[in-house]
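Structure record follows, encoded as C-alpha cells.
Going by the order they are written in, the chains are A, B and C; count residues from 1 in each one.
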Amino acid sequence: MTTMAATLRAPLWRRLVGFNLLTAIVLGVGGWYAGWFGARAIVGPSLDYFADVDYNELSVFLAYLGGVVGFLAGLGFLNYPLARLRGYPPSLREKETEGIGRYFSLCTDHKVVGIQYLWGIGLFFFIGGLNAMLIRFELLRPNHQAFPAGTYLTLVGLHGTMMMGMMTSGILGPFGNYLVPIMIGARRMAFPRIEALTFWLLMAAGAILETTIFFGGFPTGWTGYVPLANEANPGMDNYILFFALVGISMTLLGLNMIATIVTMRAPGLTWTRLPIFVWGVLSTSTLMVLAAPVLVATLSMEALDRTAQTSFFVAGAGGSNYLYENLFWVFGHPEVYILALPGFAIVLELLPVFARKPLWGYRLAVAGLLGVTLLSWLVWQHHLFVSGINGDLRPFYMLSTELISIPTGFTFVCGMMTLWRGRIRYSVPMLFCLAWFFNFLLGGLSGVFLSDVPSDVTTHGSFFSMAHFHYTIMGGLVFAFFAAIYYWVPKMTGFQLNERLGKIHFWTMFLFFNSTFMPLFAAGFLGQPRRVVTYPQGLQFLNDWVSVSAFCLGASLLLFLFNLVYSLAFAKVPAEANPWRSKSIEFQLPSPVPVHNFDRIPVFSSDPYGYGEAPAPVVAPAGAPAGRS
Amino acid sequence: MSSAPLAQESTDYAVVEGEPPELLGRNLVAAAHLLASATAFFFLSFVFAYFYLRSLASGAMWKPRGVDASIAWGTVVTACVAVSAILVQRGLADHRAGRRPEWRRKGLAALLLGAAALVLQAIAWTQQSFGPSDGGFASVYFGWTAFLFLFVLGTMVWLEMVLATSYRYRGFAAGTTEVAPGEASGDPYRSGADIRDPVSLIRAELEALSFYWAFLAGIVVLTWIVLYLL
Amino acid sequence: MSAGPGISAAAAEPVNHARRVIVAWLVLSVIATPLVAVFLGPAIPPGNGSDEASQQVFDNQVMTAVITPILCLLVVFFAYALTRFRAQAGEAALDGPPLRNEPRVQALWVAATGLIVLGLAGFGTFELLETGAGGGQGPSPIAEPGGTKKKLEVQVIAQQWQFTYRYPSLGGLESAQLVLPAHTDVALHVTSLDAVHSFWAYELGVKADANPGVDNVAYVETKGPRVFHVRCAELCGLWHGYMFNNGLVVDAADFSRWAASERKNFAPVAKYMPAYSHTYLPEPQRRAG
C-alpha cells in the first residue's frame, strides 16, 4: 500500500508549461483551427453557400468541438482516460497543486472547484448583466436605434442564454461543490475529476457563446425557436454548442452530486438530519440529470438540421416546429426550477441561523422541494397556451401549473414559521433572504395571471411574463445567490466581507431591482411584447424609468464587485471560524477549511438546526471510517 | 459555538486518504444508474420525435416513397450489441466466481462484437436507399442511430479500460497489488495512487459497466423495434 | 452556548401574537379586497374592445381579488414578525424558542393553498371553455363562442415581417390591414409562411401563434367600431420589433363598402393568388447546401 508521499517534483519547464489554463488556451485555439480546416477538407468548397465566405456550418461545429477537446487536453483531462486505456488502474486525484496556480488548472479539490465556479460563474454573470445594460440603453428611446436590429437581438440572446445557461450551475457549482461534501461529512465528491470537468466545460461553453459575435450573432433569444434558428447565421451554431455543453455539464454535475449525497454521507447522517440545502441540491440535481439530456438531444436534432440537412423541425418536409417547442419546454420548465430550487434551499438553510430557531416543518420543507421537482415535469405546455399545440390539454396544464404553487407554498410557510417568535438578526445574508420572500411572492402571484389561460392570452410573450420570470429568477435565485455569497464566502476564503458596503449593496439592489421590474408588469399589460427593438411612444416614460433603474441596479452590482475585491484583496480582515454562530458543520471547521476537511470523519447525532435546544454537540468526532457504514 | 474545531490541518495523506475501495464501488454503481437515467431521457426525446412526427406527417413527408430502413442491417447490428451485453454479464458472473481468465476472454469477445456493431452501423448508413434529408423518418433514423453510435462507442471505450486493467494486472490477486506512485495516472510527475488497492476496483467497475451496457443494449433493442419493426 | 434564557423569555410572553396578526390581516383584507376588486381589477387591460377582452378583464379582476388577501397576509405577517421578533440590544446571544412543528398550521396551510389553487384552476377552465378567451386553440378548437353559429372567417398569414389578411367569404380577398365588422363573431385562422410569429390584436384580447403548416384558430366577438393594434408577440427575426399595424372594427355598412372597393382593387391580381387554403407551405425553409 503506497501513498502519495513519494511524488516526484516536476521540472521547471513542466511546471510552467504543463497542463494549466495557458496550455489549455493554446491547445484550444489549435484544436479550433484543426476542426475548422478538417471540416473544409471533409466537406470541400462545393458546399459553401456564401460565395464570399469560405466556411460552412460543419466548419463552425467541428472547429468548436476541436477547440473544446484541445482545451480539455491542455488542462490535462485526457491524461487519465489515456492511461486507463493503456490499462493503468483507477485513481482518484489528477493533481494536487499548492498556491494560486491550482485555481487555473485542473484541480480535483472540491473546495478549489467551488471557488473556481464562484469566479467563473461570476465573470459570465457580469458579462450577461452588461448585455442587459445595453438592452436597456437601446430601449431608452422608442424609435431611435442605438444598435442595429440584428445586434440588438444578439444582445437579447446573449443576455438570456448566458443567464439561463450559466446560472443553472450558479448555486450548485460554487456552493454545492464547496459545501455538500463538508455538510455530509465527506472529504471529497464522489467523482472529483468529473467535478472539475463540469467547471471547465462551462468555461469553454461561455467562451463559445461570446464568440458568436464573430459569426453574426443569433436572432432567436434563449429559446432558439425553429424555423428561425434554421435560417439563422452561423452564430446560431455557437448557441447550439453552448447550450449543449451546458447541458452535458449540468448532467454530470447533477450525477456527481446525487452519487455523493447517496453514497458518501457520514455515519449518523440520516435523511431526516440532512441539511435542507443538501435536499435542495439533491432535488435540483435530479432535475439536472433527467432534464438536461432532453436539451442535449433537442439541440443535437437542431444541429443535424443545420449541418446534415435532416428535417426534424422543418414543416412541410416531414418535421414540425411543434416538436422543437415541446422538447425544448420539456427541458425548459424543469430548467426554471433548476434555477429556483437552490434559492428555496438557501433561504431555508439561512433563516434558522439568523432567526435563532430550528427550521420549522423540516419534513414539509423537504416535501415542498420534492413536490416541485415532480410537478415541474407536468407543466411544460403552459409556455405554449396560445401556440395551437394541443388546445384541449390547456385545462390540464392550467391545473398542474397552479398545483405547483402548493409545494412552493411549503417553502413559504416553513420560512415564515421559522421567523415566528425568533430573535431575528439583520445581517446582510438575512436581508437577502428576506428580500427573496418579497420578490418570490410577487413573482409567484404574477405567475397566477400567466397560468390562467384567459389572462395569459394578453400577458403571454409580453413584458409581463418577462417581469414575472425576472422576479422569480433574479429576485429568487440571484438574491439567494448573494445571500449565500455573504454567508459562506468568509468561510471559503477566510476573509470577512465588508458589512457596511454589503448593506448598501443590499438596499440599493433591492430598491432598484423592484424599481426596474415592477413597471415592466405594467408595460406588458399595456401591450409591449418582449424582445422588441422599438415600442409605442406612449410607453417611453415607463421604459425610461426602467432603463434608469436598471443602470442603478448595475451600479449596485458593481458596488458588490468592489466590496468583494476590496475585502478579499485589500482589507483582508480575517474571518472568525463561525461568524454567524451557526450550528451547521462547515462552521465548526477552521476558516478556510483545511484541504481534507476532516481528520476524522464526523458522526452526526442531529440535524444542524438545534437553535434554542439543549446544547448537544452537532457532531462528535469519532474514529469511524470514511463513507457511510 | 463552544465546541473546538474538529479538524486540524493535516498532510498525512496516508491517514486522510485511506478510503475503503467499497466506497468507490458504491459510487460507480450509483453513477451507472444515474447515467442510465440520463441516457434514457436522451433517447426518449428521439422516441417522442419518432411518434410525434409520425402522427403529424407534415407535408406527407413522414416516409416518402423509397424510404425504408433495411431491417437486415439493423438486425445484425442489434444482435452484435445484444450478444456483447450478454457476454459482459456472463463475464461478470465469471469474475464473481473467481474465474478471471474466462472473464477476460468473454470481455474481449464482447469488445470485439461491440466494435463490429459500430463498423456495421457505419456501413449500414451508406447502404440505405435514402439520405438524412428525405423526410421525417429519415431524420429520426439518422439522428437516433448517430447518437446511439456515440453512446455505444463511449461504452466500448469504458469496456476497453476495464479490460485493459484486467489484462495488465492479471498476475495479481486483489489486495496484494503494489502500485507505485504515478502508476495509476501513467505520469511520474502526477501522483495518482491514492486509492488503497486500486486493482480491487476492477470488480466494482465491472458491476457498473455491465449494468450500463445491458441498459444501453436494451435501448438498442428498443431502437430496433421502433425504427425497423414499427 | 446557553439557550435556556431564550426559551423561558419567549415562553413567558403573555402576548398572543397569532391573534394580533390574524386580526390585522382580516381588517386589512376586508378593506383592501373590495377596493382592489372594484377599482384596480377593471382597470387592468386589455379593456373593452371585444367580448374576449372584457372576459379577460373580468378574469384579471377575479384573480386580483383572490390574491389580495394572500398578499395582505404576507405583508402583515412579515411586517409584524420582522419588527416584533427582531433581536433587541443585549439579546445577541439569545436563541428563540425551539418550535419545530405545528401540525395544525401545516394542515391549515396545505388545505388553504389547495382550495385556492383548485378554485382558480376551476374558474380558469370554466372561463376558457366558455369562449376560448381569444387564445389560439389549434386546428380543432374545443371552445367555440356562440356554438356553431356562422362566423366571419378571416385568415391571418404571418411572414417576416408583416401580417396579411385573407377573407375567403369575399372571394379570397387579401388585405394588408385587418378590418372587421362590428358586433360580429369572427374566426381567425392564423398561419405562417416562415418563422413562428404570434398574432396579437391587443385591444381585442386575441393572441395566437402563427406556425408554418398549422391552422391556429382563435375566436373573437367584436363590439363597437374602434381602432386596435396588431403586434407580433413571438421573436421572429431581424424586424420583429417593427412587425405591427393598426386594425379597424367598423359598422356593417362601412364593412360592406370597404369590402366592395377592396375587391375591385384586388380583382386584377386575384387570378395570380394561390387558392384559399388553411395553410400554405412554401418550399421547405432551409439554407442551400
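Keep in mind that, in the parts below, a residue touches a chain if its C-beta (ideal position, glycine included) is under 8 Å from a C-beta of that chain, and two chains touch if they have at least 3 such contacts.
Fair warning: this is a prediction, and the values are worked out from it, not measured in the lab.
Taking the mean of each chain's C-alpha atoms, the chain whose centre lies closest to the overall C-alpha mean is A. Annotation: A-B is the more contact-rich of the chain pairs A-B and B-C, by number of C-beta pairs in contact. When you average the Cα atoms of each chain and compare centres, the chain farthest from subunit C turns out to be B. Note on chain placement: the centre of subunit A and the centre of subunit B lie 28 Å apart, centres being C-alpha means. Put simply, the C-alpha centre of subunit B and that of subunit C have 48 angstrom between them. Residue positions of subunit B with contacts to 2 or more other chains are 1-2, 58-59. Contact with two or more other chains is made by residues 1, 213, 281, 284 of subunit C. The set of subunit A residues that touch two or more partner chains comprises 305, 309, 311, 315-317, 320, 322, 581, 615.
Across the interface of their complex, subunit B is touched by residues 1-10, 14, 18, 79-96, 187, 190-191, 251, 254-256, 258-260, 262-264, 289-294, 296-298, 300-301, 304-305, 308-312, 315-320, 322-323, 326-327, 330, 577-578, 581, 583, 587-590, 594-600, 602, 615, 617-619, 621, 625-627 of subunit A. Considering their complex, residues 1, 213, 281, 284 of subunit C touch subunit B.
Touching subunit C in their complex are the following residues of subunit B: 1-2, 58-59.
Subunit A contributes residues 47, 49, 56-57, 149-150, 152-153, 156, 219-221, 223, 225-228, 230-231, 305-306, 309, 311, 314-317, 320-322, 325, 355-362, 364, 384-392, 394-395, 398-399, 402-403, 405-406, 409-410, 412-413, 416-417, 419-426, 434, 437-438, 441, 445, 448-449, 451-458, 460-462, 525-527, 529-536, 581, 610-615 to its touches with subunit C in the complex.
Looking at the complex, you find that subunit B touches subunit A at residues 1-3, 5-11, 13-20, 22-24, 26-27, 30-31, 34-35, 37-39, 41-46, 48-49, 52-53, 56-59, 61-62, 64, 131-133, 135-140, 142-143, 146-147, 157, 160-161, 164-165, 167-169, 177-199, 201-202, 205.
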